[in-house]
């Protein structure tokens, strides 16, 4: 007997957040890769990006700490040296391929530089294509900045609506949606304001997921850790971050949600892992698996070791694997 | 050092939902008591109601299964034969006194017989008074009926707002609010529709609790069990009810909520306890204590045994205690 | 044949805003009257208030410039020296009696000193009583303050909801509702911000009037004139005020609304009349009658002339009549 | 001195609704044109469509009754036989070119066949392009169906939001938006339900236009006439339609809106003109110009006369001109 589409979504979602596993963000746009490569003095073109991604996805045993990776659309069509499509290569290494489905940000007219996300227009067709490319999940991202007047209620509602519709279309297309609501830690605000804003945003997001009939058991949330603003004089210990993050999540994220994925934002690799570890150790209700969805915080050092030189592939992979293991251990906290 | 008002609210809320304890509803209005007394051929006046309530609150060992009771305002000023105010009498028996704070229902103009709840106008003053009368918690109730077109979105929004403001005013007044969102099981609808309506209503309620800055850790939810309509041909086993109820709660109730209290609605004593038991035994996420908040399903048989005759007090109390123990055992399920 | 209740509401609403007529606010609470009387060295009690109101309502020919007056509940039961109930006395002078139905303001928890209005609980019963007392219309007031973060979206929604429900209950009770949404001109804000806030508030108010099924043709709006804050360095001419006020109204008030009543807020008598005149002269769309609903700006000078001395009644009435005529002329602008 | 962007929008919007002028809908997709051509036994390809549109836009004196036409994107790049781009050809005939900017409909998951509209993703870029192509205005369309449970509140909110964002992006891009909220007259519902649904939808639309900071003075509304359902036994006279339509508009459309454009839906040419005429003659408030935005009801007969045969161009143009004049006269009612 065929599993229902809800059973399929639930199974994939659960697989992505198995104990000690997290998700790798590899969905940098070509423009972003240009900056990353510039940092290591490497040129940026489709081939250099292909080689970089191949390096990552052929890392032996990466699948022990990483459940899946979010890809840029370009990567879906790239092949390994041996001629395998990279998404297939990933599956061989037991990594579930996913894809970033929003296509950029657009200013909200009349707002204080607030943004909304694009990509709904052809999403139904693209979901079919991504599915055919081997993807099992997707990620859509909305962002929020904090200043004295923002995020405005209008911006929160607009973005929550967009996330609701994204998730609904992805589920209809058979892809588990990762709903990414990301509040930037940029500003002078304290930990308390960041927590309050996170709670307000997530409360609106889940109201709209309900309005759009999203099946929460087949849906994941990606969200910022709750920290103080990067220009704030209020310095937070990992324990402070853990308390604020878990409290905000408990006040807003329904237990049915299949898992919570924490973003590293502009945290350093060390900070990201330390916060993750504190959150895992934090004693409190956590009715969803909480794990990591990291990009630079996972493969930043690896990239710098690689430098685009084929001779460095092994050492870069070793570094990546080490980082992945570190975060895997950090994520393995008391979960109940 | 003084505990903060949030700590006080949290402590009271947690005490009300300790393992194996539930809440007794004794907040029937004089008009409702008239009907109850008529059923047993007893006259209804303030004295007969006082005697009835005294019978209940002097039941030895009731505090082992019951954490607290919701009173009608009248009861706050009544005294036991020995001259103790009934709320004090309750405390002596280790029952926390609470009070019903809404003052009635009002039709929503232009709706299909939909209702909203009254009682916000003087709630700030009343909270002070209730607090002085010894109350530690309160209960505000909104109701929803199911027909092909109801509950309407307008009615859901109106009632969710009213509950948000009730809870906010009660917390400001130092009383733990029990937010009662009750969907009547009256109609031909199936289990699936009841579940969907429950999810939609609760999703709106928690959005508004967020809007009104309600402290969820010091707040309890009272909600109907999810059953099919009483005129439906779809008969549900306690296991069906458990699955639907726990699923609906997991999709909407934030983990931070201090506890979930299930209403018996128009279920019989036996059905109510059987459903409660199935919910406790149901294996699934339950990040909040789930227990009972029963009225007739707890003291209905006791009332019939009492018949208003002083000689029957002991037997009535024994029956009440037995019912309380039954439900206490039923509520003692796997909670994680 | 009986007119329908909608026809009755429409007829009363239209009568209140006939060309060249405005409304007198006489609904000061006893506490407010104490301050007013203190200013003139007069004692405040029910009798002094009765005499003051009697002075006003026995002014000959006042009905040529004033259509009706909003009373405090107390006044409904007071009688003239000749033994006529004051509302009946008003009718004899061709003034339609109305009543203020909100019963006070209450802080919104967690807000920056924002408020909501009370009085819904027993409004259904009170409407019956007011109707029996001879009232044909009612007034419910919500207020908003401007600071960098307020009015907040939550406060706007809460108050718009309250106004919607007020209006709906009053219409059901047979009283034409005056929906008073009043933004205080207190602060450093400029004319542009006051205009934007007025537009945002009124837009929400009319959305909720629609949600609550309010019959706009039998409903009046009372709203502040759009001025800059009283501490702002931005000084506005009456023409500036007229442009901003009429623009804000045109962007938000549906044409079906029976009339717009402008409040004088803390403007002086002279400023209020000058602004009203400029608004009347302003060339632009005005699909509703626009007139005045003034309190102190109408009877302030009269009160100071009266001083509580029976000998001054005639001179006080002459002053009041003069003020009423001034505003009547000011309100008689091009209306199309 | 440069006019501000608001002044430009206002000027264009006003020009489109000058007395006795209406708008021609020529934005049929190639798929729709296939059907229209099939009816007259003509083949459908880009060239046949070009010839058809050329026939329309070279009609002498059409500009006396028609202010502008809404084009399909394809038409923007087509040229007349003489080599002029069709939008330029239009300007030569004093017709303002506009463009349809939504790109289709998408089902709302979990709804009863309700829809939302697509086309926001690349609208900012497209507006620049359309502007460069000579367009001065745009049209975005959302649709609603009536059945016992629809339109649902969720669908109303989704579509109102989409229209708000469309209008905001178009205005930012310098194009006057025509906000088309179209309720289909398909079903058994009576005139009263159609009116109520129209009021509810428009009330939501204008709330969201306010949220999205849309400048109403530079914005037009396109909306269905209020009729009973096409399967209803309730037959409406043009006077009934006029009363219901004008009442619904007065209850919801702020006076600041530059104009109201009535759609002909599935009405015949004769019915459409008769209803339009009755609306113009209807005595009541109409603080906006009300005129027509017709497609088939304007050029249907003309198309049948043309049959794709160059010899019929003159006769087809004569018919079109006659229809345009008829509707121009019908639209010339008392406007105040």
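Just so it is clear, A, B, C and D label the chains in written order, and each chain counts residues from 1 on its own.
What we mean here is this: contacts are C-beta pairs under 8 Å (C-beta built on N, C-alpha and C of every residue); 3 or more make two chains touch, one makes a residue touch a chain.
These figures come from a predicted structure and were not determined experimentally.
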Taking all residue numbers used at the subunit A/subunit B interface, answer same if over half belong to both copies and different if under half do. same
Comparing the two chain pairs, does B-C have more C-beta contacts than B-D, or is it the other way round? B-C
List the centre-to-centre spacing of subunit B and subunit C in whole Å, with centres computed as mean CA coordinates. 43
Could you put a whole-Å number on the gap between the CA centroids of subunit A and subunit B? 41
Inter-chain centre distance, subunit B versus subunit D - centres from mean C-alpha coordinates, in Å: 54
Which positions in subunit C are in touch with at least two other chains? 154, 211
For a test of understanding, state which residues of subunit B touch subunit C in their complex under the given definition. 103, 106, 108-111, 116, 118-122, 124, 154, 157-158, 161, 165, 168-169, 171-172, 211-213
Please give the residue numbers of subunit B that touch subunit A in the complex, ascending. 199-200, 203-204, 206-207, 210-211, 216, 247, 249-256, 285-287, 336
Inside the complex, what are the residues of subunit D that reach subunit B? 148-149, 152-154
